[in-house]
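Several structures are given next for inspection.
Both of the next two complexes hold chain A, though its partner changes from chain B to chain C.
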Partner chain A sequence: MAAVTEPNHVARTTWRYALLIAVAMIFVFPILFMVVSSLKPDAQLLRDTSSIAAFLPVGDISLDNYFGAFRRAPVGLFIFNSIFITLVTVLISLFLCSLAAFAFAYLEFRGKAVILSIIIATLIIPFETIAIPMLMVVNSLPFIGANGVQWGWLNTYHVQMVPFLADALTIFLFVQYFKDLPKELIEAARLDGASWFQVYRLVIVPIAGPVFATAAILKFLVMYNQYLWPLMVTQSEQVRPVMVGLQYFFQLNTAWGEVMAYLSMITIPVLAFYLVLQRAFIASIASTGIKG
Partner chain B sequence: MTTIKMLAGALALTTALSTPAFAQTELSLWYHGAGNEVEREILLGIIEDFNTSQPDWTVVLEEFPQAAYNDSVVAAAVSGNLPDIIDVDGPVMPNWAWAGYMQPLQLSEGALDGFLPGAIGEYNGEVYSVGLWDAAVAMYARRSVLEEYGIRIPTLEEPWTLEEFDAALVTLDASGEFEYALDLGMADQGEWYPYAFGPFLWSFGGDMVDRTTYETAEGVLNGDEAVAFGDWWQSLFDRDLVPGTSQDMADRETGFIEGDYALQWNGNWFGVQTLDAVGDDLLFLPAPDFGNGPKIGGASWQFGVSATSANPEGASAFIEFAIQDEYLAAFSDGIGLVPATAEAAAMTENYSEGGPLEVFFALSEAQAMLRPVTPGYVFQALEFRKALSDISNGADVITALDAATDAINADIERNNGYAVAQ
Partner chain C sequence: MSTSGPQKSLQRHPLAGWLMIAPAAVLIATFLIAPFILAFGYSFTNQRLISPNPTEFVGLRNFEQLIGVGTLVLSPETDDAGVVVRDDDGALQYPTVRSFTRANDDFPHLQGMQEWFGWNWGDDRVVVLARDLVFMKALTNTLIFVAVVAPVQSALALLLALMINQKLRGINIFRTIYFMPVVVSIVVVSLLWRFIYDGRNGLLNNLLEFLSFGLFQPIDWLGNPGTALWAIIAMSIWQAVGFHMVIWLSGLQTIPVSLYEAAEIEGANAWQKFRFVTWPGLRNTAVLIIVVITMQAFALFAQVDVMTNGGPVDSTQVLVFQAVQRGYEQQNIAGGSAISVILFVIVLTISLTQRYLTRER
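So, the complex of A and B:
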């Protein structure tokens, strides 16, 4: 057995860090390019793309592109709309999908396997194939709001939320996680007289933090990046989300600096959400005591 | 009692004063220019002028980003939510008219007198749309460069021939001074391909579809003339005279200005910023004549009335109001496009006599040709784009053009010849 000498250790550590830094750079560089470019005027931005200066805040640096972006489009409104739609959908979706998964994992009822199979089978249907039929359906649905009953859901927040409140992937994630939890916990709770909903709320939810965090992150990304559906159902600027808003910046002569400024601004909520849930994710594993 | 009388009087007065506002019928207008502050300001000004100019109609604007606009209109048509007034890209208009999204305009006699042909959207013998402007393409060049290499400066009356143009490219390439002799704009892989390169095919004598019947592309997209165009087109890339399909958009925007490209095939919307950078040395040259006359593409965004509008006369009234010369000139000054009439051009900064972009109006007038006026154009444009891209990347010319021809013919057949529903 070869002895682990000090120079060997240093060399291996150096190599390891060099490799990790190289890999990290692959992920960091696009974000760095976006943020740095958002501070440069268009001419300089385009000129710098062919050199390392593209990643450095050098030259004529200012926040002009950010001011320009706010002048060009109601950026704050778009970000609010997206965050509102996304958060409401994620919260309701986590509740509904976890409840459905709970039933599939622990309750016995006729046709359970078939229904679950059908739900999972919907994963292979691309959204684009059902977009037009869905549009026609939501366009003829009633909605009871502040102004009484209204027909047609177009140009509303709820038309961007309701179709996505339950989805096969989220249900599948929860089912798989719930199936691996110790059955003894549920049996003990039931013996103590807990109702099924109490079992869900008081036993399962507290120990299912990781899957809630994972599902929330995935759902958040899907909802925040929605483009085709909002494009079809929002004809009013007041309810448009960020991805449709991005198109405001592509004109005959595209203002690339403003595009980068807008992208930088709409990326912040995604990063913030991920960082917050990343902590919750780690905390939930640490507190459950049932890992492994 | 006095209080009741006062209240009743106030109510009557309020009602009387507000009657004119209530009497106006609302007309919805969808526009593709969201994100363009200048366009928005001009359009809102026209709307305000129209709304206050008459008591019957009030137009309300809803803006969409251009890249999402067509999809939004199609989705609205599917769900029965089209507005009264829509704007439509000229070559797309026949498709929307055929699909039943639009109805013919109700304009006064002579309302379109003096308009550039490219600004009038005519399909099946009826005018469905009209534009406040047209767009034009020219060959950007530096006078000093052409003179240095002894290349003749072409004119509208005497444009470059194929041989002259090709020889000029070879000369410029051989100089070693430039990365490429010509920038065609291959980075812009959207409607630019059929709009900017279709005219080369037309000038060779080919087309995307047989315009006498609009029922086949056989013989026009894969005939001898089209193959000759394809061979020449491919040779541009084989000889490294032009950047290929992998061209970066940043290079497209800066290459000519920075002197990396000797010539650039570009639209009038880049004219002002290029002039600012290059100065008086800049020339806007007419399209070369490849054998059947020099051609450039015509038709840009236009206004039309949706088929489901309950107030087509009001919608047409707005459009007729909007096509006044002062508004054409305002749009041209604002966004740099070619005003639709000579009178309006005379009122603009750039297109009036001696103006820096004056030549583009002349180009539009003399060389503009519409893309095929058929509902099938939207499909034909995609096939043409794919064929051009494949040929640029080395595909066999005849095979690529035959494949596009077959696909276009199959599309026409699938849609029963795009016959107009009776």
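So, the complex of A and C:
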């Protein structure tokens, strides 16, 4: 019996792996092409597209395109802007959203249910449908900074951060997680005389690591990949993030090598981050689908 | 701590509660709810980003401008004897559409409209006119994009999830790879694929030429009105399909193994197991995925902005792109808001319909 099924089983397993690998190539090759091309001079890059060499680091390999990209645009500035905006927004939004979720999950107060359901209902509003009126909002808001009060938020860092500090999805994720935590912990802390903020900081935050990781990853992906909003609010080069900085590479006679170098620079760190933490990344996305 | 006992004192703390939700609530009210309400408000005015004149209420004019359509039935030209005129090729001659839409007092409702599409009906020619041709193309293209992407991407994502759900050594490596494009920005992907789709040196043309032994004629995928939207569709699916694969996968893993064992004992084949065990267990996941993909698809913007700018000949115009063109580039906040409102109403209608059709019975 075993002698009959064994070759059959092997053949089937081989066929399954072949299919999995074929599909994997569809996802890997464009990204591989991007990285490999960033190392080649333009002429060779174009020539190589007609053969398998497009995916191999062969021929005249160098980092020239990377230097070229830095000469063409203030790449370092763009990368700094993106990291700064993303980092500050992720940190503050984790704090504000988890704090609000804590109150929604554990405290009773008038109006709580209504406010929570309004917040959840905003999940149905795509950002793209409010981007235009949002321009009006930020254009007429005051901001108190180092130079006193200024009107209008265009061309600043905060215009790219403040609108995204609180969002329904992040609050929702935290509420779901907090609801399942044992209530006894909180009651014990309260009886010991801890204030609500102390309960949040000393009891809940230390045991909520997984949901903080999930929310941080989702927010990170959204913020780092922002395009439409910074495109509209950053006419000034000083505050532009990497995705808008791409426009420097759009020119008519595109220098493809430099384009690929720039794309690789702004993508590889995220990919590396993903490959190291891939379990957490995938769990984050999956958790957005737990509740319909 | 009051005398009301520990249980009660734990719960009733209005001040602490309000203080903790206040920052998030104020931010959401200012940057989500206010602009949302303003979108409706502005769409009934002539608001501009910066304007010396005061804003005026204009009623439904913005919407009439956008969605105004009309039809026109053109009869063939006849000569003095009433015989239809034919040109040298024998084709019928029609009066120009322009003669009805420009300064023609008999057709005031068609004033300023442009020909959208038309067809022949007997000897007559029926022409559909639109007041805002670009908007109509943007609306149609967006609907085509959603109608193709929602089912195709959901189905492919399910297929990938089923492949990844097999018990094979090293399967997690494939899961990691299939998900990879999701973490790459759609802006990066769009620029990268502009090169893949290139008419001369593009990878896709070279690949197709190789696979067809040189028979395939290169196509400028993004420069051709017939292929540009489809090129954007294919690339968008490539980038996002891993996202929904993961959601399907978490749905698949909630189905109890015992159900599969029972089906096996009953002698079910692979298809029957999918049809009677897997698919019923994925019902809620399916609704969620279709709604999520639909909403994401309506928001299509970056791909168009980076790859085609709406061209060639408006074949990739879409709603968000038009809203940004008007609201931002032309500083016409009212016009952009009106498109946003139409977009939101469509998204809301479709997701409510989807939820209603797939409700628990």
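Convention: the second predicted complex is superposed on the first by the 234 of 292 C-alpha atoms of A that agree within 3 Å, B and C clash if a C-alpha of one lies under 4 Å from a C-alpha of the other, contacts with A are read in each partner's own complex, and residues count from 1 in each chain.
The working rule: contacts are C-beta pairs under 8 Å (C-beta built on N, C-alpha and C of every residue); 3 or more make two chains touch, one makes a residue touch a chain.
None of the values given here were measured: they were computed from a predicted structure.
J.: Is A:Leu91 touching the first partner chain B, the second partner chain C, both, or neither of them?
T.: neither
J.: Examine A:Ile61 and indicate which partner it touches, taking first as chain B and second as chain C; both and neither are also allowed.
T.: So A:Ile61 meets neither chain B nor chain C here.
J.: Which partner chains sit in contact with A:Met136 here, chain B, chain C, both or neither? Use first/second/both/neither.
T.: both
J.: Determine, under the contact definition given at the top, whether A:Leu202 touches first (chain B), second (chain C), both, or neither.
T.: A:Leu202 sits against neither chain B nor chain C.
J.: See if chain A has more residues touched by chain B or by chain C, and give me that chain.
T.: With both complexes superposed on chain A, more residues of chain A are touched by C.
J.: Regarding the shared-chain residue A:Leu275, is it in contact with chain B (first), chain C (second), both, or neither?
T.: second
J.: If we overlay the two complexes on their shared chain A, which of chain B and chain C does A:Val10 touch? Say first, second, both or neither.
T.: In the superposition, A:Val10 touches no partner, neither chain B nor chain C.
J.: In the superposed arrangement, which partner chain does A:Arg71 touch: chain B (first), chain C (second), both, or neither?
T.: first
J.: Is A:Met232 contacted by the first partner chain B, the second partner chain C, both or neither?
T.: both
J.: Does the superposition put A:Phe33 against chain B (first), chain C (second), both, or neither?
T.: second
J.: Could you give the residue numbers on chain A that contact chain B in one complex and chain C in the other?
T.: 46, 49-50, 132, 135-136, 139, 228, 231-232, 249, 256
J.: Where on chain A is chain C touching in the complex?
T.: Answer in residue numbers: 13, 16-17, 19-20, 23-24, 26-28, 30-31, 33-34, 46, 49-51, 54, 96-97, 99-100, 102-104, 106-110, 112, 115, 118-119, 122, 124-137, 139, 162-168, 171, 186-187, 190-191, 193, 195-197, 200, 221, 224-225, 227-228, 231-232, 243, 246, 249, 256, 259-260, 263, 266-267, 270-271, 274-275, 278, 281-282, 285-286, 288-290, 292.
J.: Across the complex, what residues on chain A touch chain B?
T.: 43, 46-47, 49-50, 71-73, 132, 135-136, 139, 152, 154, 228, 231-233, 235-237, 244-245, 247-254, 256
J.: In the complex formed with chain A, which residues of chain C make contact?
T.: It comes out as residues 1, 6, 9-14, 16-18, 20-21, 23-25, 27-28, 30-36, 38-39, 42, 47, 49, 160, 163, 166, 168, 171, 174-189, 191-193, 195-196, 201-203, 206, 238, 242-243, 246-247, 249-251, 284-285, 287-289, 292, 295, 298-299, 301-302, 305-306, 320, 323-324, 327-328, 333, 336-337, 340-341, 343-344, 347-348, 351.
J.: Can you tell me which positions in chain B touch chain A when the two form their complex?
T.: Residue positions touching the partner: 30, 34-37, 62-68, 71-72, 75-76, 78-81, 248-250, 253-254, 267, 269-270, 273.
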